[in-house]
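Letters A, B, C, D, E and F name the chains as they come in the text, with residue numbers starting at 1 for each one.
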Amino acid sequence: TPESAERTAVPGVATGLAVTGAGGDVLFIEATSMEGEPGLTLTGQLGDVMKESAHIALSYLRSNGRRLGIDPNALAGRRIHVHFPAGAVPKDGPSAGITMVTALASLVTGRPVRPEFGMTGEVTLSGRVLPIGGVKQKLLAAHRAGLTEVIIPKRNEPDLDDLPAEVREALTVHTLADVADVLALALRPAEVDAQSLGGQPLAAA
Amino acid sequence: TPESAERTAVPGVATGLAVTGAGGDVLFIEATSMEGEPGLTLTGQLGDVMKESAHIALSYLRSNGRRLGIDPNALAGRRIHVHFPAGAVPKDGPSAGITMVTALASLVTGRPVRPEFGMTGEVTLSGRVLPIGGVKQKLLAAHRAGLTEVIIPKRNEPDLDDLPAEVREALTVHTLADVADVLALALRPAEVDAQSLGGQPLAAA
Amino acid sequence: TPESAERTAVPGVATGLAVTGAGGDVLFIEATSMEGEPGLTLTGQLGDVMKESAHIALSYLRSNGRRLGIDPNALAGRRIHVHFPAGAVPKDGPSAGITMVTALASLVTGRPVRPEFGMTGEVTLSGRVLPIGGVKQKLLAAHRAGLTEVIIPKRNEPDLDDLPAEVREALTVHTLADVADVLALALRPAEVDAQSLGGQPLAAA
Amino acid sequence: TPESAERTAVPGVATGLAVTGAGGDVLFIEATSMEGEPGLTLTGQLGDVMKESAHIALSYLRSNGRRLGIDPNALAGRRIHVHFPAGAVPKDGPSAGITMVTALASLVTGRPVRPEFGMTGEVTLSGRVLPIGGVKQKLLAAHRAGLTEVIIPKRNEPDLDDLPAEVREALTVHTLADVADVLALALRPAEVDAQSLGGQPLAAA
Amino acid sequence: TPESAERTAVPGVATGLAVTGAGGDVLFIEATSMEGEPGLTLTGQLGDVMKESAHIALSYLRSNGRRLGIDPNALAGRRIHVHFPAGAVPKDGPSAGITMVTALASLVTGRPVRPEFGMTGEVTLSGRVLPIGGVKQKLLAAHRAGLTEVIIPKRNEPDLDDLPAEVREALTVHTLADVADVLALALRPAEVDAQSLGGQPLAAA
Amino acid sequence: TPESAERTAVPGVATGLAVTGAGGDVLFIEATSMEGEPGLTLTGQLGDVMKESAHIALSYLRSNGRRLGIDPNALAGRRIHVHFPAGAVPKDGPSAGITMVTALASLVTGRPVRPEFGMTGEVTLSGRVLPIGGVKQKLLAAHRAGLTEVIIPKRNEPDLDDLPAEVREALTVHTLADVADVLALALRPAEVDAQSLGGQPLAAA
């Protein structure tokens, strides 16, 4: 979509799927890093569970970085800031776990997230993808927003039955159990020509 | 206006637009820096959302400084203090985001903010300008205070219809989507002769 | 069981037994470590007593490590993160004490926890195993989950009378009073061939 | 007055004007500094707004010290303690801002505050003096306490109409808009002979 | 007693006497130390007064160590952890003061606490032993648990009248006013043969 | 008195006068110092005002030490612990200010406090002694406890009229306005022979 293409053109932004009072919604999680006291700054009026989820995402990458081809020092020695727009809307829950892992991995590898992907799933410290709620509403929102590929937890596979046939057909749904597979699928190669991805004119970062 | 000219004569002060119980109002956000333990001091009885907004503004500049021609060390190694007068009035919300980015960028570049500008808009960590509320009241207040140029989020453009024609004509309204464009527009060149800006006699800093 | 085999294939994961509103349950406690400011990060919506329990587990290993053949520096100079999935479920109480000691000892020795073991018991700072509640429900849950060996506190031995005969027969129950004995029993030897443990195909870490 | 002469004989003490339940009152704000971890210790049962006010006063001096002839290192590398007697009376509000700037400037320059001066006014981070309440009660209290010179914010000038004629005549009232002017007026020269100020016998510090 | 012998076999464990809802009880206070950031970790759901009591015990030993033959560096440069089992039972009050001093002194000298001793008493920063409540219930509990020597504050001596004659005879009660005397009495000599103390088979630490 | 003689035999202990639910009382404030992270540990269930009072006492001595003949480094580079027995009784208010200054000055000079002195008075950051309440009850308590010299604030002099004639005669009351005078009066000379002070047999520290 134009918006997700624009937002994910910069490494460090991943497209999440959320449930709000008004149904499902698409959410752009932004991560950046800077020199300064190492640690994690979290903004966007996050609740306790979501804050813990961010720490799990960061610890997963710091502990498993070497195996994933990520320089652990890129995360350990810098200040990391993760923001969930819009800033005044309270948010909570563990289901943005894999989206935060993806945004952070994108940031430290410099590989942007594929703009056609949305994702949802809790992540554990060893990288397991645990099931979440609201699959139907989240996938309807992804479809409305023009996304064409979504990632959900493997254990949420049965929830796909509840989706209208036309949405089910329009979306390519990936059901995964390990967040390493999420990263393999959702990050663009480092050296790709941005213009060639779906023909969308991407702004330079 | 005389007041905004006087207040923004010093680098680090930007003119925001706010909604209070008594309609819209003009607000001078002050930023300064000093040697000491790096970090952010926030005063003016700010609520949680506004405090987070200040951290987002600072992280945006620290992460994107090089691209914007700002020395990132000017922000990383110093104590930053941002104050919202008046000190006893509680304030909250994300809509001072772009004003804080502007005040901080003014501070570290030494380029004062143009005195004829007022602005309002939420900012995200990657610099997107998100829509805010109260556009009508804020622009009426800007007009009353003698400001002639205002910056609002691009997605708030439809709200301009609600403005009285005379105010709409008196104000030059810039609708922007990227905070880098806000900085390009609102900061005075570093080497400009202050006296030449609108003929206002500006006090030396 | 397939799940515990998969989860405990990585050093740092131990299988606990808990009581929830819906009876007993099996719980995979994950520990990892990384470079960074030394200390303990705890996630999973843990209550005060459970957080203290984690500090007791870590202090026990740091104080007694040399005696147990564990390098105390492996724990002292690194950031330790312990997570209890699922992230949104509040958890409390001291009964995961020996499971945390086991997960942490597994992490620093690199010896995975035996996949057929589940365990429950409070631990004190000098390594005593104190009795806990819910033995019957916890052992029924262990049995349902396909575990075949369980560790409980020695002083909970009388509670075994309440177990159905078929469960009592299916499970090998170890009643222990010293957490050093728990470690001796539940950690796989460092050099074992993973495939040979119960014939379960274990994923490589 | 004898009391203010005695209290302000030492650099670091300034005479403020406050409103209490029992009308206006004179208040001696004390500042001192010592080696130790840099930072600000505040005592006297201060409310949030007053604490923020102290941070604004300190940041103003640290940022603008060079311009004011104050050694910024004198403030940055030391522990500063500001106390508002009496210790058990809760106090709040921004109106002691200029008095705190004056007490701190007195402390670091070694120039005592003129004993015949009392003052009240909010200060902003760039040194603007903002209006405060209770001017009438505060000036009556200054007069009762034998003070002869008072400093109030320029924007409070209209409040002087409410003062009884005899008090208005007895007091020299300075209405100022910039705290730098407060310092120029209220601090005694560094090398002055203390005995020559109003003939009061001042104790040596 | 078998339990106190087993628990106090390791240096750093002392036997306290407490009053609970169900009368008096015997309580094993555990102290350990490790490399790491110097400071005090307290666990066991301790209330404010009991936490302060632990800091008093530690400060007493750090300030008076040289006089008591204790290496002050053994306490100053290490992380100290004091735990009161059972972990889920809230505890409060100052009466474990002398027991904490004893546990900490045992830890740093490597001299185990005599297994036949139980003790109760508030301690002050200069080592005075202040009176506590519940002497009768505590001594009954000591007797039930098989302890034969108890230490109570000198000013609690009158409370001994309330004890049944047989308990009074079975117990040797030491009434002391200075915690240095508690240490002289309750710590085993460093080089003693553990097996020789009352014939109890003590487990090796 | 025997008790105050015993308690104040060690440098760092001063005798305060307090008002409790049961009338006036004598209170032994204990101060000690040790190597470790510089700062102030306060115990004895102190309220906010009393805690601030301790920080004022410490800052006064650190800022004015040189003038008072006290080595400022003795206070700046060490951990200070001030305790108010009994540990479980909540205490608050500013009236122990001069007693804390005295206890701390005694500690760092090694000069014990004269055992026949009790004292009460608020202290400010520049050493002024401010009036307090409960003079009558406090002096009755001092008399009951066998003290013969008391220090009260100069501004409390009128309260002495309320004292029974026999108590007024038995006590030598010093009314002071500067805490430096308190120290000059209440601290024993460094090299005095302890036995010679009022003939009381003082225990060696």
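By our rule, a contact is a pair of C-beta atoms (placed from the backbone, for glycine too) under 8 Å apart; a residue touches a chain by one contact, two chains touch by 3 or more.
Here the structure is a predicted model, which means the values were calculated and not measured.
Centre-to-centre separation of chain A and chain B, using mean CA positions: 31 Å. Centre-to-centre, using mean CA coordinates, chain B is 62 Å away from chain E.
Among all residues of chain E, none touch two or more other chains.
Taken as a graph of touching chains, this assembly is arranged as a ring, one closed cycle with exactly two partners per chain.
Traversing the ring of chains that begins at chain A and proceeds first to chain C, the chains occur in the order A, C, E, F, D, B.
Note for the complex: chain B touches chain D at residues 7, 10, 12-13, 28, 30-37, 41, 43-45, 79, 81-83, 85-88.
For chain F in complex with chain D, the residues that touch the partner chain are 38, 48-49, 52-53, 55-56, 59-60, 62-63, 72, 76, 93-94, 97, 122, 124-126, 128, 130.
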